[in-house]
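Letters A, B, C, D and E mark the chains in the order given here, with residues in each chain numbered from 1 onward.
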Amino acid sequence: MIQMEKNIVSFSNNTVTKDLPVQINAEDVNIYYGDNHAVKHVNLPIHEKSITALIGPSGCGKSTFIRTINRMNDLIPAARCEGTISYKDVNILNPKVDVVQLRKEIGMVFQQPNPFPKSISENIQLPLRFAGVRNKKTLKEVTEDCLQQVGLWDEVKDRLDRSATSLSGGQQQRLCIARALALKPDVILLDEPTSALDPVSSAKIEELLLQLKNDYTIVIVTHNMQQAARIADYTAFFYQGELIEFGKTRTLFTNPEKKSTSDYISGRFG
Amino acid sequence: MNSKVTNRIALSLIILCAAVMAGILATLLGYILVKGVSSISWHFLTTSSSPFLAGGGIKDQLWNSFYVLIITMLLTVPIGVSGGIYLAEYAKPGRLTSFIRTCVEVLASLPSIVVGMFGMLVFVNYFGFKFSVFSGALALTVFNLPVIVRVTEDGFNSLSRHQKEGGLALGLTHWHTIKTILLPAAFPSILTGIILSAGRVFGESAALLFTAGLSTPDLDFGNWNPAAPNSPLNLFRSAETLSVHIWAVNTGGIMPDVQTIANGSAAVLVICVLLFNLFARALGKVINQKLSGR
Amino acid sequence: MKIGKVAMDPATATASKSKLINEKGLFWRLTDRTSESRGKVLIYSSAILMIVAVTAITLFLTIQGLRSFVVDHLNFWTFITGTQWYPDRAQNPSFGAFPFIFGSMAVTFLAALIATPIAIGTAIFMAELAKKWGTKVMQPIIEILVGIPSVVYGLIGLSLIVPFMRVHFGGSGFNLLAGAIVVGIMILPTVASIAADSIRAVPDSLRQASYAIGATKWQTIWRVVIPAAGSSLVTAIVLGMSRAFGEALAVQMVIGNVVTLPKSIFDPSATLTTIITLSMGHTTTGSILNDALWSLGFILLLISYVFIVIIRFLSRRRNA
Amino acid sequence: GNGSSSGSSDSSSSSKSDSSSSTEALSGKITIGGSTALQPLAAQAAKEFMDKNPNVQIEVQGGGSGTGLSEAQAGNFDIGMSDVFAESKSNIDAKALKDYQVAVVGMTAAVNPKAGVKNLSKKDLQAVFTGKVKNWKEVGGKDLKITLVNRPDGSGTRATFDQFALDNKTPAEGITQDSTNTVKKIISETPGAIGYMALSYFTANDSSVVKLSIDGVEANDDNVASGKFPVWAYEHMYTKGEPSKLVKAFLDFIMSDAVQTKDVPAQGYLSVNDMKVQRDATGKQSDK
Amino acid sequence: MIQMEKNIVSFSNNTVTKDLPVQINAEDVNIYYGDNHAVKHVNLPIHEKSITALIGPSGCGKSTFIRTINRMNDLIPAARCEGTISYKDVNILNPKVDVVQLRKEIGMVFQQPNPFPKSISENIQLPLRFAGVRNKKTLKEVTEDCLQQVGLWDEVKDRLDRSATSLSGGQQQRLCIARALALKPDVILLDEPTSALDPVSSAKIEELLLQLKNDYTIVIVTHNMQQAARIADYTAFFYQGELIEFGKTRTLFTNPEKKSTSDYISGRFG
């Protein structure tokens, strides 16, 4: 047995000293795809204005869980949910919840950048239009504002009416984040937002997230443990549908309670 | 909320469209069957048509329809499947491929009457096949071919790339990979497509008017020598099919029971198409189960 | 329990080198069981056959279709623009095919107008609203509708639509609209199934993006899915139109076959295909009328080429 | 050239001798095609002929009069059927074809009962069909719009009607249907409709359409036979030059009483033998 | 800056003490997809009877390179190769090379297990039959032998005629390896063979590879650096189409020469 060189990872951004209030609280959540019990008895609090990372090997249910928070899993006919996810005193999983409104308050960004095959500005204005905003000036202002926030304004301000698909992958992903910001949501969910990107674009997005967490609650799924270590305040480790361990990122990485957590973190599987 | 109302109205309209579609089918089928089924009898199916007296049947026309269909399939399936394999597996992007693809599209969208006219010009007159089963089958080949090509190409394209790579990585040649791995895997969808296309061939009429003729000799079902002029198997006799019969009877028939014959024939035709459909579905299901389960 | 591997001695190494480089002759390639060439011969010949078929059809119909201009000296321009079709008039017979060209166009566009909303609506229903229902119920319905022979559509048009027209709009009931309705219903399933395929082809990621920004179902369909499916939907409609354009017998049974230009959609009319089926048998080979009918067939061929060009153009734009 | 055999032969004995001699002599195949109007008669005769001569195969195809003449001339049909004289068709060398007139068909206009006319003068009939008159009341009927139903160009029925009822005037445009059935259906269902069809389609106690008399002459077999009613035509069978022995035997059979007195009237035709007048290719009528 | 817990990784299997002969040698290999220069000037020796791992972030050209070694990239019409890959004194990239023979000698296993939808025994016998083996007894023997080698024999010996698709993912992958062994190749290429598998199956395959390297030369693409560290004798780090660093696995992991290598290994991107 030979020891590998120590991995030096910065935790400098994980500045949470005391827990902020819980904004979303999952209690005994079970999710099934037909007979497949994909998420099992998960209890997970998500704290306001902080970054919570979900990690775990492929197929462990990370995406399934995060997609339930804004009811995107409604789109999969076979998917079925049990339990409670409370947000603003409402159980999100209640069938009576107005999912359209819910998704306006809880935005989402996906692994593959998915801009609409329309112009850059339309991509950002579309959610506003959906919400009924017609005023040209407002639309323009919000466009600039959102692009500024994701640091894309200077790169694209001269070609706002060019097709969004002409942007590079990293730019597209930032555009998708900008689009999610247009409706001023409370929470932003991101499912492996950087795994299809190059290192430079990845780094830019990490930076952006650290900045956004001042205003938004962020939940991010990542397969890159170092990424979680770098940016997340809280980390949840999923394995085979179960939430194995949850806690402050530093604690979880340096002093995991469970054997499987430390096995996973040290790369023994996954 | 405004967008919600719009949403509800628009979705209702869409559902209405689907309902209209289903309604049209129900009306069509209901009408054809209600009108026609009463005239279907064992006698109707097993007697020859009569030139001008009442009480004629459709025995020969029914046989002709199936016979023309079988000959057409014998011609189109090998060529069409090969062509589909060519496009899916061998064709390299370029001028030639795009030209062949255009050819397939042209064949697919030719009006059937144009195909019929071409058949009359070339098969009936130029090659001297006369109005015959064979001329008819050749004409139908012209427009069934692109269907089979497309079905095959789609079947191959929908296979996952992994299967093919698996074969090639084992040192199988491309052709052998196609023969032993890809074709069997694509077989169910190709077969389903072929049976569905059979329904269309079965019901085709305009192209056959000018190629297979408007009459049929009095077939002797005891004589299976293909060279005999009144043998059911003779390829070079004229052969009015069921759908042509409907048109012909309706157009110029002078028997008193024209309506009964037309409605009965239409019902038989539609029932055959329905059976093709059910058969294709059932077969596809069985094969799929066999391939995946076991 | 392992397959032992012997180390390569130099002799086998050279042997395998020659094996790796392929220098087999043509004959060997054709006779070898494992060879690629035998399969290729089969495959390539069928590809060639299709080229031959298209070329032959075009060539023969062109030659035959140009006879009336070359041999019978009809004027091409007056042929396609003239509105008088009196081929049998003893003095001064006239061949003006415009009413048929117009009739074909009118039937085609009206049919598309009738079919498009229902077909696209059904496609959306199948591909977006009720996927399970769509595949389990609507798909078979559509396949059965595709399979119903056109003469049966004609027969039903004759017994349902024509009387309906007569009762509600007067006249004989045989008219342009009846033809368009029959053909419109006929192309419904074709358009719907192609449209459904193109809607299904829109990547799910776009739908997810749309729902994730709080769009309703309709907003997603209208603002995201349909624009993304865009040109394939148009292709579906154009394909349906090309079928409508070529349909003969069903139209002939209900359109009335009048060789003058219709003044309204409630007037009887004729199309290129109906006039061919009506008159072909009454003419003798080589007579002017016979040649003129072939010219109509040739025009039919040309216009179906136009449809193909449009479809190709649309698909090229889609791929670009 | 009229090649019809004399009607004097004793039907029973001739057909007997036919069949007895045919057992050794007659075998082979005949292809007949052309006029759809004549097709049923030919098919019926062929059936009976084949019953008598089991070694003979007769194939009866349709295709239309034009096809019949073209294909007979090209040698593809042994017998080409036509509703019209070969002379009236272009691109046909009538002299090379031998004409057998196998039946006569009478035609007249059919009118919707609501129009309220049963008889028209030839002049009025022409005014109706050429479009000069648009309402039935102008020719003595009810106040009802006239709807014309035509047959397509080249159709034998149309050619005959144009020639003998309209005196070669070009009819105005109307709905065109190739099918007598459809024509009849349209006329019976459309108020004010008028078209024309063979007499066989007017069945005895069928009041759905009115069988129009012309110039006061009722359209019936007797008047056609006597030449009083002008609108009639021959049904022709053409061979290219002299027919072969087998084809000749079949044509003889068609002219025999077995067919002429049974099948011909059964299908609403008149036997040529009953005609008291005859016509040539130009339409000139003379006593027989 | 806080240091993460030391990652303990076993290098115990990397027992190469002196270099074995080079079996495949890539010299200045360039691969293009149309205009996209996907692999740039790569020089890489592959040593006999050892495991060479290719690592690097997504899209760096690992798959492209490994698929060129047995000319699988011929399937992609737009792909184009330059340079030399010598194997048995032949340049594999020579268009005259009999690719069918080449692929018999250089087998390949893919990320997604891809058994044919036929019975288990047929899966292994298919390549043999094609190579001309007709003798039933030989076929049976080889089937057993190959399944033994991948440790699947005991699991499936009672259901050799059941459909291969009824096996679990891990079993399917081992079957695919067995299938590749049937032709007794010299070299086996594996493109992320475990990334679609669960940890237990993964571990089994790692074990199997360590055993197979006694008889075969193995090249494996993996996105799991720990996996490379555990099993590979040599590791090559690709980045943006370039081969950044190549060497003995231990050296590369403990003492990388390039900054980007150490950044990647320590999870700073990817």
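The working rule: contacts are C-beta pairs under 8 Å (C-beta built on N, C-alpha and C of every residue); 3 or more make two chains touch, one makes a residue touch a chain.
Each chain and its UniProt protein: A, E = Phosphate ABC transporter ATP-binding protein; B = Phosphate transport system permease protein PstA; C = Phosphate transport system permease protein.
As the structure is a prediction and not an experimental result, all values here were calculated from the model.
Colleague: Once the contact rule is applied, which chains count as partners of both chain A and chain E?
Modeller: Chains that touch both chain A and chain E, as defined above, are B, C.
Colleague: Looking at the contacts, which chains touch chain A and chain D alike?
Modeller: Where chain A and chain D share a partner, that partner set is B, C.
Colleague: By CA centroid distance, what chain is farthest from chain B?
Modeller: Computed centres place A farthest from chain B.
Colleague: Can you compute the centre-to-centre distance for chain C and chain E, using the mean CA position of each chain? Integer Å is fine.
Modeller: Using C-alpha averages as centres, the distance is 48 Å.
Colleague: Please work out the Cα centroid separation of chain C and chain D, and write it as a whole number of Å.
Modeller: Averaging C-alpha atoms per chain gives centres 40 Å apart.
Colleague: Using CA atom averages as chain centres, what separation in Å is found between chain D and chain E?
Modeller: Their C-alpha centroids are separated by 85 Å.
Colleague: For chain D, what residues touch not just one other chain but two or more?
Modeller: In chain D, the residues touching two or more other chains are 36, 62-63, 178, 182.
Colleague: What positions in chain C touch 2 or more of the other chains?
Modeller: As it turns out, chain C has residues touching two or more other chains at 34, 158, 216, 219, 253, 280.
Colleague: Give me the residue numbers in chain A that touch at least two other chains, ranges are fine.
Modeller: 100, 130-131 - these are the residues of chain A that touch more than one other chain.
Colleague: Under the stated touch criterion, can you name all the chain pairs that qualify?
Modeller: Result of the pairwise touch check is A-B, A-C, A-E, B-C, B-D, B-E, C-D, C-E.
Colleague: If we count contacts the way the header does, which residues on chain E are in touch with chain B in the complex?
Modeller: Against chain B, chain E makes touches at 70, 72, 75, 77, 100-105, 107-110, 112, 114-118, 126-127, 130-131, 162-163, 165-166, 176, 179-180, 182-183.
Colleague: Using the touch rule from the top, collect the residues of chain E that touch chain C in their complex.
Modeller: Where chain E meets chain C, its residues are 88-90, 94, 96-98, 100-102, 105, 130, 132, 145, 148-149, 181, 184, 214-216.
Colleague: Report the residues of chain A in contact with chain B in the complex, numbered from low to high.
Modeller: 100, 130-132
Colleague: Would you tell me which residues of chain E are touching chain A in their complex?
Modeller: Against chain A, the touching part of chain E is residues 1-12, 57-59, 195-196, 198-199, 202-203, 224-227, 229, 240, 250, 253-255, 263, 266-270.
Colleague: Within their complex, state which residues of chain C touch chain D.
Modeller: On the chain C side, the touching residues are 86-90, 158, 163, 166, 171-174, 252-253, 256-260, 268, 270, 278-290.
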